[in-house]
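In this document, chain identifiers A, B, C and D correspond to the written order of the chains, with residue numbering beginning at 1 in each.
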C-alpha cells in the first residue's frame, strides 16, 4: 500500500450521516469528553496527497469502553481498542481513535494526548501490520488529527471533508482569507462569495458521457469557473448528435460526406474522422474559461486508465446511458467517498406508438445512502448485453429486448443537466437549505410536475454497506472495481 | 480475467470436472465457458450436451445469458423445442474472444433464460445460473 | 385598418378556455345544431397573412337567440345579431356567426349556409362600417370559415389555432402528409414525429434579453431546429457577463483592455466596441443550425420598430429583467393572443448578508388567464425608476430602493431556460398530459423543491380581460401598446 | 408623447389652470410637468409652491414619484422637514428632456411618496397622485 510514499497533505472524508452520529455522541450537551473509533480506508492521490475515507464508526460507551485514564482524563479501554485494531489489520484499514475537547472553531491535541500517542501508537502500528493508525480530536467546527504511518513517519491531518447534502470542510484552526478573486465573477460571488469561487476553481470534476447531457454540464460548469475537468467518452460525433451536443458544428462530422445520401464508404470514412465528443466539450470549456484544465479521455470509462483518472476527481457527473458506467461510478462513489450524480432522461411510448411518460431524472449519489445498485437501477440483463459484441447481441435478441434507438431531446437533457449543476453548486458552496434533500428527482415534462423519491438502503449491499468485503469507504484496499481486466 | 470471473470459473470447475470445462478470455476481462458432457435425457432425445455461456467482466453483477447447447437438440415426443429455445446459432463469436481461435465456434441451440433482478451482487453466481438452466431444460 | 390589403391566408386564434366553452355549447351531446357569436380582433402580418383574434364569445340560447330558420334549419335571431354587430362597429372588431355540423375531422358550409351569407352579409358589412364580418362552422376536430371583407372580397379561413396548455390546429379538412424530414433530427422525431419537427421549423420565436437566460434559450431552440428567431437586446457584452452568456468569448470584450486594471478611457472604449449580445446569440444559433433565420435587433424592446418585430412571432421568451419589458410583453400576449413565458431567477439575501431564498421562475403567459399585471408581478415603482436617466435615479434614491446589483448564476438560469424550452416544446407539439398545468413554477435551488402557484385572474383587468377598452384579443384596433412614443 | 401621458396631462390642466401647468416631453413619450402656485400654508411657512414631477411613458401603469417643490420649503414651527422630504435636489434633469432647455431646472426639495401596488391600470392617475401628495404635505 506504500502509505509512506505519500508526501502531500492528508485529509479525512466522512459521510454526513456518519459525521452526525459522531457529533451526537461527542457533544450530547453534557460538556464532557467522549470517545469512539473510526475505521478508515485510504486513497492515495497522484499529487502525493492522501485521503482517509471514513468507513465505519464504533462509539465507545461511557464507563464501559471509555473509562478514566491512568495518565490522562479518559481513555479507550484496551479491549475496545484491540477489537478494532484487529479488524483494521485483517481488512487493511486505518484505525483512528477519537475523542473531543470543548470550545469551537479550533482544536488541538493536549500534551497528555500527544504523550499517550507516543506511548501507545508504535505498538498499535506493530499490531496493524503495515496499516496507518492515528487519533482525531473534535471540537465544534474543528478537527485535528495525528496520523502515524508505518515506517515511523507522523503527519498532521490537514482537513476533514464532510459530504452529504452539502460539502463542509473542518480544519484544526480557521485559515486566513485568501487573495481577491477575478472581477469577472462578480455577479455570482454576490451569491456564494469569493470563498465559493475559490472552491469551484479548486474543484476537479469528472463528466462521463459528453453527449446531450454531458456537453451541457461541461458548458455550465466551465462558465461557472470550475477549475479542472476530466472528460470521458470514447465516441466521435455523429450527425444525429448535432441537435443535442452544444458546441458541435457541421464540419465536425464532415457534413455532406457523412449524410445518409453519401455513398456508404464515404460516409464511414467521414464518421471515422469526425471530431471526438470529448474534444468538442474541451473546445466549449476552453472558450468559456481559457484557464480551466481539461483532461479529454476518449476511452471507455471501464478501461482501467480512464477509471484511474476518475479517482482523482472531487465530483462525478454520470451522463452516459450504459449500465456498466452506472455500476462503476456507483462503486467509486461508495468505495472512494466521491460524491456524484446520475442524470438521464426517458421517453416512453406504448405499443401503439403513443407517448406515455417523458421525464428527466437527477439522482444524487452519496456514499452509504444513495446507491444505484440497491435501488435496482442497474439492470443485470443489460449489463450482460453490454458485454457482448454487436453481432452477438443482435443474434441473441429476446422478447423483452428493445433494440430500438431511444428518443433524445435537448430540452429534456437541459432540465437534467441544469438541475444537476445547480445541485452541485449548492453542495460545493454549502448553501443547501435545512429542508434540502438528497432524494432522486424526476422532472415530468408532460405535466410539469416534480416527483421526488427517497432512495432505499439495503443494509447488506455489497456496494454501499460497510459489511466485510463490501465497498463503503474501503478505498484502495477494498474490492476490485468493475473495470475491464487488462 | 477479472478476479470475480476467475472465482466464478473456479466454482464451475469445482462442480464439474476440470477437464470437462473449456475457458477462453474475452477482450474485457470476462470469459467464454463451455462445459462438456452435461447430462440431459428425457424429455430430450439426447443423453447429454455441452453447455456454453459468457461470463461478462461485470460478473457477479451482470446476468449470465443466454446459454448454448448441442445443435441437434430434439424432443423425444417430436414436439417443437418451445419458447426460449431456438436453433441456428453459433457459439462463441470469435470477434469477442481475446484470442480468436482459443475456443472454436460450434453451431448451437440457444437457451434464453434471463434473471431480471438481483438484490445484491452474488446472489446468483454463474454456477448457480448454469444449474438453474440445466434444471429448467429437464422440466420442459 | 386596410383589411382589404391583406392577400395571404387568414387564420383564427382562439384561447383554449374560450374554445372549450364553445365546444361545450356546440356539442352538448344532443347531436343538434347550436349557435354563437364570436367577436374578434384582427392582426395583419407583414407576410400578407391575417390573424383573427378571438376576443369574446356570446352563446346563443336555444329557442331564444337561436331559432328555427326561415330558409335554413336554424338561425341567429336578428336582435342577437344586431346587439353584437353594433359592438363590433363601435370597438372596430370582427363579427363572426358560429354554428356546428355533425361529423368529425372535416367540415364545410352547406349551400343553405352560403346562401344565407350572400343574403345577409352585405348588409352586416354596411352596419359594421369597415370591419370584416363572417361565419364559422365547427365539427369535431374541424373548423371552416367564410370571411367577408369591406370592399367586397371574401376569403376562406385557412386554419384555427387553439392556444392554451398546448397548441392545436384545426382545419376545414385534413392535410396530406408532407415531405420526409432531415435525418439529423432522427433522435427527437422519435418522440414528436416528423410533424413536430415541421412545426418547430415553421415557428418564429422571439427572445427578449440575450443575457444569461436568453442565450441558453437561443442555444436550446436552435439545436432543436426552430426555424426563425427574433432576438432583441440593446446591450453589448461586458466581462462580467462571460460566466453566463453561452457562446461568448474573451475577445468579444477585448479582454485585457476591458479589465478593471486597464485605464478607464481604454476600458470605456473597449466596452463601446464589445460584441452585442444579439450577435453572440446569432453566432450560437447559426453554428447549431445554419439554416435558421435570425433577426438580431440591438434595440430596447420598447422602441416601436422592435415591438413591431415582436408582433410577427409565434411565441415570446421574456428573459429580460426590466419591468417595462414585462409590461409590454404581457400586453402583447393578451392583445395579440401570442403565447409566451417569463423566465427569471432571484437570489435573496437578508440584512446580515445571509442567503435566504434562491429560485428560478418559469411563468407561462397565456391570453386571458396568465397575466403578469393582475398577478402584481409588474411593479409600478420600478416602472417609474426605469423611466429615469441614471443620474436622476441615483439622486432620487429611496429607503426601499435596492441599488445593489443582483446576483446572477448560470445554473439558476439553466434551470429556468431548460424548463421554459421544455414547456415550449410540449406546447408546440401538443404533447402536454391531461394533468398538465399552466401554473407559475418556482424551482427552489436550496431545497430542490418545486412550488407551483395558480395565477389569479382579475375579471376587470385592463390587460387580460375583454371589458370595453381592455386588451384581450383586440389586436391592431385595441389600446396603444406601452412602447416609447416617437 | 404617448396618448396615455397626454390624457393624464389633460386631466391635470383640467383641474388646475392651463397657464399654471408647464409641460416638457421626455425622450420616451413621457413628460415632465410643473404646476405653479399650488396652495400650501400651515404647517409650512410658505403660502404656495410649484410642484414638479415626471409622468413616465408607461403611464398609467407606472407610479408617479417623486414630486419636487420650492427649495426654501420650511416649517412654521422650525422643526426639520421630516421623513420623505429632502433638500438639495434639482428638477428636471436636462438630460432626460427630449429637448434640453424646454423646462429649465430649478433647485428643489424632493417629496417622496411611493404607491407600491396597483390592482389594475388607471386606479391612480398622475392627477390623483398629485392631489394625494398635496394632501399629505398639508398633514405633516
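As a working rule, a contact is a pair of C-beta atoms (placed from the backbone, for glycine too) under 8 Å apart; a residue touches a chain by one contact, two chains touch by 3 or more.
What you see is a predicted model, and the numbers here were worked out from it, not measured in a lab.
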Discussion item. Hopping along touching chains only, can you work out the least number of steps from chain B to chain D?
Written reply: 3
Practice prompt. Would you pick out the chains that touch chain A and also touch chain B?
Written response: none
Worksheet entry | Rounded Å distance, chain A centre to chain C centre (Cα mean) | 44
Item to complete: Take the average of all CA coordinates in chain A, do the same for chain D, and state the distance between these two points in whole angstrom.
Response: 62
Worksheet item: Just curious, how far off is chain D from chain C if you go by their C-alpha centres, in Å?
Response: 37
Practice prompt. Going through chain A residue by residue, note those that touch at least 2 other chains and give them in order.
Written response: none
Response to the item:
Residue numbers in chain D touching two or more further chains are none
Worksheet entry | Graph class of chain-chain contacts, one of line, ring, star, complete, other | line
Worksheet item: For this entry, which pairs of chains touch?
Response: A-B, A-C, C-D
Fill in: Residue ranges of chain C touching chain D (in the complex, touch as defined)
302, 324, 327, 373-374, 376, 378-381, 383-384, 386-389, 391-392, 395-396, 398, 400, 458, 460-463, 480, 482-486
Item to complete: Using the touch rule from the top, collect the residues of chain A that touch chain C in their complex.
Response: 183-188, 190-192, 216, 219-220, 223-225, 239-240, 242-244, 246-247, 249-250, 259-260, 287-288, 290, 347, 355, 358, 404-412, 414-415, 417-419, 421-426, 431-433, 435-437, 439, 441, 443-450, 452
Discussion item. For a test of understanding, state which residues of chain D touch chain C in their complex under the given definition.
Written reply: 1-5, 26-30, 54, 56-58, 61-66, 89-90, 93, 95-96, 110, 112, 114-122
